[in-house]
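Got a structure for you, questions after.
Note that the chains are named A, B, C and D in the order they appear, and that numbering of residues resets to 1 at the start of each chain.
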Amino acid sequence: MAKKRIVLNFPHSLVDKPITYHLVKDYDLIINILRARVTPREEGLLVLEVTGDKRDLDRGIKFLKDLGIKIESLAQDIKWNEKKCTHCGVCLAICPTEAFIMDRKSRRISFDKERCIVCENCLRACPYKAIEILF
Amino acid sequence: MAKTIKEINEKIRKGKAVVVTAEEIIDLVEKKGVKAVAKEVDVVTTGTFGPMCSSGVYLNLGHAKPKIKLGGGKAYLNDVPVYTGFAAVDVYLGATALPDDDPRNKVYPGEFKYGGGHVIEDLVAGKDVRLKATAYGTDCYPRKEIETLINIKDLNEVVLYNPRNAYQNYNVAVNLSDRVIYTYMGVLQPNLGNANYCSAGQLSPLLNDPYYETIGIGTRIFLGGAIGYVAWSGTQHNPTVKRTKNGVPKAPAGTVAVIGDLKKMSPDWLVGTTFTGYGVTSTVGIGIPIPILNEKILKYTAVKDSQIYAQIVDYSEAYPKGLPGSLGEVNYEQLTSGKIRVKGKEVPAAGLSSYAKAREIAQILKGWIEKGKFLLTEPVEYLPSVDSGQTFKPLKERPVK
Amino acid sequence: MAKTIKEINEKIRKGKAVVVTAEEIIDLVEKKGVKAVAKEVDVVTTGTFGPMCSSGVYLNLGHAKPKIKLGGGKAYLNDVPVYTGFAAVDVYLGATALPDDDPRNKVYPGEFKYGGGHVIEDLVAGKDVRLKATAYGTDCYPRKEIETLINIKDLNEVVLYNPRNAYQNYNVAVNLSDRVIYTYMGVLQPNLGNANYCSAGQLSPLLNDPYYETIGIGTRIFLGGAIGYVAWSGTQHNPTVKRTKNGVPKAPAGTVAVIGDLKKMSPDWLVGTTFTGYGVTSTVGIGIPIPILNEKILKYTAVKDSQIYAQIVDYSEAYPKGLPGSLGEVNYEQLTSGKIRVKGKEVPAAGLSSYAKAREIAQILKGWIEKGKFLLTEPVEYLPSVDSGQTFKPLKERPVK
Amino acid sequence: MAKKRIVLNFPHSLVDKPITYHLVKDYDLIINILRARVTPREEGLLVLEVTGDKRDLDRGIKFLKDLGIKIESLAQDIKWNEKKCTHCGVCLAICPTEAFIMDRKSRRISFDKERCIVCENCLRACPYKAIEILF
């Protein structure tokens, strides 16, 4: 099984196409929409986590490219600066994917980057600037 | 088996005092019972580490040559305005002060990258800070401007004086509206998207001495990593709120004003803090020791999160409009579990106050006392308690003309 | 025959304590001797009433509807700017603050008719004061401006917190130049036309406890007509100056920071003050009781004006330029006689500190103690004394780039 | 013996005339110049305290009037507001005529209006605005 997080930019002509449906149905991929900005008659942006057999994954991505969709790997990254973190935990309730976890015993925060979908909620919520976005 | 502070101090001096934290005392009392533990334990240490807006420092800068009278003039530290309403070279810097040119919420939500709380952190960290000031000039203070780097180690006095810290309990903030709101309780997602609370709960100083029977003016405390003192009751001190049967306030109640020497403190415990869309502040570490003078006082310190309740308040409308009413109450066991129920909905809950740091403070203070480095004090005056009738009043508006 | 504070308090409670003022003790000791008087007298009361620039009050205004966050905004009381670097509705008002539009010394010498010290006097006198403020507005504090009358009785807390008061001794100011100069030591006539001093001398609190052996953090005092406390050593606290054989500093030395509830004070003891050509300030009444714990402490309180020396300083050049050196020293007996000699010339001398009011304060405090209404406190920490090595340092200037 | 405090306003033509000399010499009056603003070729102002025999005084004043001098009684007055006074004594050293006196025993100030020459030094010196000028 392989996993990839990709950013799709597609022209407005493709906005109405059920691309995610095809990825699931035709290529047997598990998809998770991390972020989306899709507006009728405009360009679309979709951040997907795609999981599946390595070969299916490659074929799925080829399918998207052939449709005229620009594909990039997820380049933005959330960095958690443990030194600056005071372990207050205010990031916990605002994170949609539970990427921040508080250990029940130590009451200290840890960050699971794998779960992060770069929604940036935590950036504005952290009072100590312990969370940064890297480009 | 009542003890006196004098007796406890005698044991501390000999390195024989038994000290436990407000967290450790809970299990101890559950295991051994109040009677036995009241005999055994001498001091319970508490801690809290959260954003506390009414905080600040006053600095005596020393005289320049020729002399300049900052009093009545304008002065800035790293572009953050300080107050000059004092003698020539005393100024006060508050945690929430912002540079004159900060856009604030003009670009909403404001970023509030740097303000008073950050200057305090830089000062205490030993960083150079830029002083810029203008004055009107007098015969004895002829100079009219100055710009220089200053460093905490070269100044005469740098005193942390916080008019209100260590709130005894606080609200749980939620957002009933359909848009994100940015508050001093953090970012609140629409439609009960999250719930933020702000208390160290069972570790919090005033929740362990609910009627202020040991804490008062002159109480020696842990403040910002050094020794400090309770100087006065804090502003908005409000002992007369609803309480549980065991005396614990169910809403924001008592507060303290605290004082200490910033030169001895550490940036670990005085952290510059930003609330997006709201402003800046300082996150302050405070720990207060509670002498176990008798069984009643011990019982109070054994309070646990499941016995401490807070009110859920809507910060989209009820709070800003000053409307009374709570959406319900929850206890800190529920809050720290990370999920509470509000209006039938499961809502993720998170704290603004660091429990891990509060615990660390209680442990440090415990260490100081165990090693005989920190003696307890008898307050010279107690804080107003329930019998004072003191309440937190709104501002009555009266037209000027 | 050492006594403890506990024993003295026991006598105070019973109405049996023997209390005399720092003025009355002088004759008593001369008549009966140290040994007898140390046995007889329990408390010596002191007093001082003079301009003290590093004074101010913080006020909690309560929340308006809808709520307004003054922190980070701008606020004025009777047009005098207050500091807003705190939580939403806490502000600090300093004695030397001036309205933004005061011409200051643009029309020299400036009249400085009204400022912080006067607002404090108006507040404590129960007069309505005009609050005007603007704020940047947040989701939880949406309001952006307010203008209303406020009155001390309606506010939550109004706390007098003075970072530096009750200077232990001070300079005698003269003017060697050939023009009138306007200083914080008053109007000084050219060519040694007059000499102004500023201390209650033998009645002054810290001159009666020269090494701070009884006065410290937590000492209960008379402040502004009510009970207050010593909160900290004051800014510019400088114990290491030259002293006479009997320990009395011969230059400005120790200072204290003090705190008290403004609501309980009186405008008789907190008076708005103007120094033409200099600025505004507050004249503060302070009285400190000294427990006669032993003969040594008694001896200190028996100090008299003829044993207290002050330095004569030229305020036309030496002071503004920060040049060292004194034009000579005189004692307070000479000063209070109204004539001193400076550089061979007879110069009329006058005080800025009211001896009559200092005496009144010492008498009031004596009455409180005699009637059992005021108990002494054990300081929770002493002020830094000679052995601390603490000195008053100048500002080291370092270019920013 | 009578005493009068008078304000003389005279035209520039009279500025060079030794009027005070005549008052002393011809009318046997004791004069004390309280304030003066006399500039060559401009108008002159003189505040005098004049003491002498009642008849001499009246004659002296007539002499001045006949010269064309405008005469007013001293209308300005220093008022000491005892209620506002804190008895600090800062007025003592700045008063040229010792009109302010401190009682050695009570250490309280009193004001002897008779001695006051309305120099106004005390007005600026008093930090408590306990001294006012009345017109």
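Criterion: a residue touches a chain if its C-beta (ideal position, glycine included) is under 8 Å from a C-beta of that chain, and two chains touch if they have at least 3 such contacts.
Quantities reported herein were computed from a predicted structural model and do not represent experimental measurements.
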(message) Shortest hop count from chain A to chain C along touching chains?
(response) 2
(message) Averaging over Cα atoms per chain, report the distance between chain A and chain B in Å.
(response) 38
(message) Report the inter-centroid distance (CA atoms only) between chain A and chain D in whole Å.
(response) 91
(request) Starting from the mean Cα coordinates of chain B and chain D, work out the distance between those two points in Å. (result) 63
(message) As a quick test, compute the distance in whole Å between the mean CA positions of chain B and chain C.
(response) 29
(message) Going by the contact rule already set, what residues in chain C reach two or more other chains?
(response) 182, 277
(request) With chains as vertices and touches as edges, which is it: line, ring, star, complete or other? (result) line
(request) Using the contact rule from the top, write out all pairs of chains that touch. (result) A-B, B-C, C-D
(request) State the interface residues of chain C toward chain B in the complex, per the touch definition above. (result) 53-56, 58, 60-67, 69, 71-72, 81-90, 92-98, 104-106, 110, 115-116, 128, 130, 136-142, 146-150, 154-157, 159, 161, 163-164, 181-185, 217-220, 229, 231-233, 235-237, 257, 259, 277-280, 315-316, 319-322, 377-378, 380-381, 392-400
(request) Under the touch definition given earlier, write down the residues of chain A that touch chain B in their complex. (result) 86-94, 102, 106-108, 121, 124-125, 127-129
(message) Taking the touch rule as given, give the residues of chain C at its contact with chain D in the complex, in rising order.
(response) 49-51, 109, 182, 186-187, 189, 193-196, 271-277, 283, 338, 347-357, 359
